[in-house]
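Both of the next two complexes hold subunit A, though its partner changes from subunit B to subunit C.
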Partner chain A sequence: MALAGLDKKPSILPGATAVVLATAFLIVLLRVENQKAVITLLAFGMVAVVATNWLGYFTPVARSFSAREDALGPFTVVAALVVAAVFHEDHFVLLMLCTVVLYTVATLGLNIQFGYAGVLNFAGASFFGIGAYTAAVLNQHTAVPHLLVLLTGGAMAAMIGSLLLLPVLRTRGHYAAVVTIAFALLLKTFLEVNDILGGPQGLQVRGMNIFGWSFNNNIEFAGIQLSFYVSYFLLSLMILIVAFLLVRRVERSWIGLNLDALRLDETAASCFGLNIVRWKVTAFLLGNFLIGTAGALFGMVGGFVQPNNYTFADSLILVSILLLGGIGNPWGVVLATVLVVIVPEKLQVIQEYRFMLYAALVMIVLLFRPEGLLPRPVRRYFSEWRS
Partner chain B sequence: MDPGLIAQHTMNGLMLGMMYALVAVGFTLFFGVLDVIKFSHGDVLTVGAFTALAAFIGMRSIGVTSDAAQLLVILLVAIGTIALLGAVIAKLFVLPLRTAPALNTLLITLMLGTVLREAVRLFYPDGANPKPFPRLLPSDSINIGNLNLRLDNAILLAAGTLVIVGLQFLLNRTKLGLAIRAVAQDEETARTMGVNFNAVVLITFAIGSALAAFAGIMNGLYYNEINFGIGLYLGVVGFSAAIIGGLGSIYGAILGGFLFAALQTIGAVALPFASAYKDVFAFAVVIALMAWRPTGLIPEKLSERV
Partner chain C sequence: MTTKPLRHDAVLSAKGLTRRFGGVVAVDQLDLHVAHGEILGLIGPNGSGKTTFFNVITGLYAANAGTVSFDGSDITYASPQEIYHAGISRTFQRSRLSLPLSIFDNIMIGNHKRLTQRLWFNLMNRRAFKAEFEASYAEAQSLVAVFNPPLAQRMMEPVTGLSMIDRRRIEICRALISRPKLLLLDEPSAGMTHEETAHLMKDILDVRTRIEGLTIVIVEHEMGVIERITDRCVVLNFGRKISAGTFAEIARDRQVQEAYLGLQ
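Presenting the complex of A and B:
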């Protein structure tokens, strides 16, 4: 029986090849500085992706990813570590990688809310900011261990988010959207006018320090100089792995099933005895917790927080990432964050136009491929089953 | 408090309320005919204000100096352009997504708003900085006690009232209005009665966007300054106003607009904390109102309950 199962199990090879190629491409892209070369490279990448799609090579990749995630997940982590190792001295690239990883964590949080439970949240950046401000205040004024600060940042975001629970639960659709949009504006205005929290100038954030190991010092290891961002990157990656596993487990479990039912038809779900309130609350708070945790670490990585980094436009970027990647698919979120964060940084020409380009891109996606770049696959409970 | 001062604040509140109400009416009109939220509405307003400014600069450069002529032309140009823009947006981005989930329409128009806003910021000459808007209305004023009643404000208020009354007339007394109301009530029946659905939708979007352009010019004339961000702010406020009033109801939208302005004025004047917190207060009340009345103060007729 086991053998019969193994026969049908898709090979790990296509997925692994895709990861290796993508990593190699990413390393070259990050290495290149010349603007013409960057454009050529991106054009080449786009043509390659379109051609691969046209030749039908993406189907085996998708199959091996959905069936052999247990092996490909660690493989992707290794790939990320390889990228970080290649750029171990480059502050700028490592900062970018940290941003990618932490934005991914935040978007995974949003994914639980939007993608599974269907709870709208247009204030993602605000909760991210709450995490960062929590880190700033706690690191400055208290001796709370910094790892605990991260969790407190998440808890703070969930707690302030729970003030919105009553209106979020009672409203639906467009009415629910306005609650979070109003909150996003409220919070930004509040941070701007509040002198204790630094007003428009914001606050400095002290760096991470675990058991006397200060993250803000460069590391010398066996004669090799490592950028101080390496430590931040490793910690971010660990958080991402935990968040990813959590989201995956939630999706696969009966909780995920309940959330899906609730999103697809609230009325039907409640007729079948699902506790709508409980699952909406769970999804909203859990999502905000992830967003806040990522925000707290992001504040420490960046070194300062200011209201202008957590505006409604930034919340829309988080939503764009989710839509671009494919709502409900964590792998899509990873891919889309890499694209959305790294491409404008490398392509200086479009840096100024990035908000506009993201927005236009999302419009195109919504018009022509509403399910995103990597659509969410059907759950596979038994990998031996033919899908 | 001094009655003159109270009258002054009331006057300012009424001005704000009029602008918010005009934007909110647009939201509610769109929701009425198509059951969608067109979130780019606020940024359409920005484009309208900037079109008016460009028209003014064009007029000045060809040597037209009469205030009245300039005002008339910028009104016509901006309202015409924006009405067209509204119809084009409906045709290209809203109607094709009719079968998709409502969230997609909300998102695509949010993103369209971002594109418009960024386009103004990046492509209008020096668009990232606030632009002075010309004073085209007579700025005489009379003082009654502490109340400084400016003629231009009074004209703006009267014009806003006239526009809203005109819209009421259009909706309730004309054949087009009947068609719009028919589509809002039941699309299918309206179609079988020979109403050209697509045309009515496009016209409604044109009307709503024209209102936004009018509100944008009003905003420019009132503050004598416009920037690329006014639309986002007015859009969110107008959306909140339409929602607290109750989507789909014109009266609700007007009520919501004035209510929001009243909240801001109270937040700025009567409450014990700094006036910078007025928006915090106003939005907090909006959220609280949503919790109390989840479908607005004047709710939609149909509501699904479990």
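Presenting the complex of A and C:
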């Protein structure tokens, strides 16, 4: 090997330390209500991150995450469970955590489409909404088991996405992006004027119910009161784990290589036998399936769907999460979603300026870290494999 | 003129091949055949249609007239994908490697037809995938080692950090890994020094002895390279074939001298 000491497995310690510190910080941040304290805390966090970066401590963290994902993945899941346990009674915080988790799943879908295949999708929120509306309609009018409803939400988003894809595939470059923008506007108008789907008022979504266990009742477990959102959080987390593993497998296979090849140079890829249309469609459908599945569960979590929740602006938020986190890196997506969902919620003062904050944040990141907070490392096909 | 190899011996033959861009005839009624196992040099001044010829052969440009047959079948209107599957692979004049990807990844892009592409295999059957991955890795590594042994120890590094000559080597490895019958090299010496070029040409000759029956067409401006490695040359000017034969023969050809030196 070019670098000495690489024969030894990198330690999980730097990565684990980073997760523990971030979790502790998150718990404190979620606990604090006083606006001055929140601002102080966020300022402290930013200084800490910049200082850590300046001292070069992020390199070992990145290395341990890329080489020891097998251990650090489960460790991060445990950290998420700890956060949920701390706030087991707090509806508001748990709803926020569910939002983080399901937005992460949706952005992982975008990551397959844009991060790997290079197909821009500016209608992410629309497909998320299609999942939610599917859940609303199916839960209201049919007896389809609710876990199956989630998959149907994903399938609907993939199916409607494939109709959209037909004109997109004939174009190269940014024409595709324009088509998705048009679709986002079209869908919102369609939902607003469609009385069967509730028009501008939207529809109520019945809560999750698996084998007679209703997710919308609070839980009492060994004498402890748990918010009903705990069940939603656990289910969301399970979906996230599956989505994360799926995205990883896509990346660490010939499929991921095909997607990279066609994103980076379609002409060269064609000259080496790659069927451009087949792989673009595969990436788009797979991504939309994740987005729709997350949307279906999000509809049930919120209990309500309406056209205004799934606008073009929301699609931009999903894209900005991807840019912020690091295109192509699922860990970056996780980190960026936490930031983008939680920080504005905690900073009540800036509510109206949310979009300004996004804009500023994304511009700063693109200026100083064009590859995002956690740039994507070179592909390794097996986390433990070395040459 | 040299004695032409027998017709049935031709791996690739073009007849009356024409490609126009508006009023410009980039390739003009070109008749050309490439014999099995030879290294054919395709030379001519800038803009004489060499790269256009490659692009028509590999399906990137459609021919306006004429036919191309490869290995006994007509490929005039085949797609780039079909042509790759038939056994033609190429390098590009301006390097077209995927820079953020590793050396291994870039070579595997060229190995597309020999890798299992089914979704289930890739996503769910990791044991079988790993076996295929390891076999491909060993093969790619030994191919790179022919060109540059130290480079073969850096297979998982991104291509961005490599020198021009190493990038060119990786591009040639990417074209060779699928064991093509015909390799098209588009100006492999572009942007390299004389020593680097000499080295690369020796590597190409080395690798040819390892791949049985490999035929090569090379576009090149360095006459030293052409003289040393080609069996036969075809000279183009304004899209037309003006001369053909061994290097010594074409170098004596008055038309060739005029095209290159502008002699009246």
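Methods note: the second predicted complex is superposed on the first by the 373 of 387 C-alpha atoms of A that agree within 3 Å, B and C clash if a C-alpha of one lies under 4 Å from a C-alpha of the other, contacts with A are read in each partner's own complex, and residues count from 1 in each chain.
Operating definition for what follows: a residue touches a chain if its C-beta (ideal position, glycine included) is under 8 Å from a C-beta of that chain, and two chains touch if they have at least 3 such contacts.
Note that the structure is a prediction, hence the values are computed from the model and not measured.
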* To do: Check whether A:Phe190 is in contact with subunit B, with subunit C, with both or with neither, and answer first, second, both or neither.
  => first
* Counting only touches as set out at the top, which of subunit B and subunit C does A:Thr267 meet: first, second, both, neither? -> both
* To do: State whether A:Arg369 touches subunit B only (first), subunit C only (second), both chains, or neither.
  => neither
* Return the chain, subunit B or subunit C, that is in touch with more residues of subunit A. => B
* To do: For A:Asn275, decide between first (touching subunit B), second (touching subunit C), both and neither.
  => second
* Report, in rising order, the residues of subunit A that make contact with subunit B in one complex and with subunit C in the other. => 267, 270-271
* For subunit A, which residues are in contact with subunit C within the complex? -> 1-2, 246, 249-250, 253-255, 257-258, 260-261, 264-265, 267-275, 282, 378-382, 385, 387
* Structure fact -> Listed in rising order, the residues of subunit A that touch subunit B in the complex are 120, 164, 166-167, 170-175, 177-179, 181-183, 185-186, 189-190, 192-193, 266-267, 270-271, 312-313, 316, 319-320, 323, 352-353, 355-356, 358-360, 362-363, 366-367, 370
* Structure fact -> Residue positions on subunit C within touch of subunit A in the complex are 58-60, 79-81, 83-85, 89-90, 92, 96, 98-102, 105, 108-110, 112-113, 115-117, 119, 122-124, 126, 129-130, 133, 137, 141, 153-158, 174, 178
* Asked: Can you list the subunit B residues touching subunit A in their complex?
  -> 31, 37, 93, 96-97, 100, 102-104, 106-108, 110-112, 114-115, 118-119, 122, 232-233, 236, 239-240, 243, 247, 274, 276-277, 279-280, 283-284, 286-288, 290-291, 294-296, 304, 306
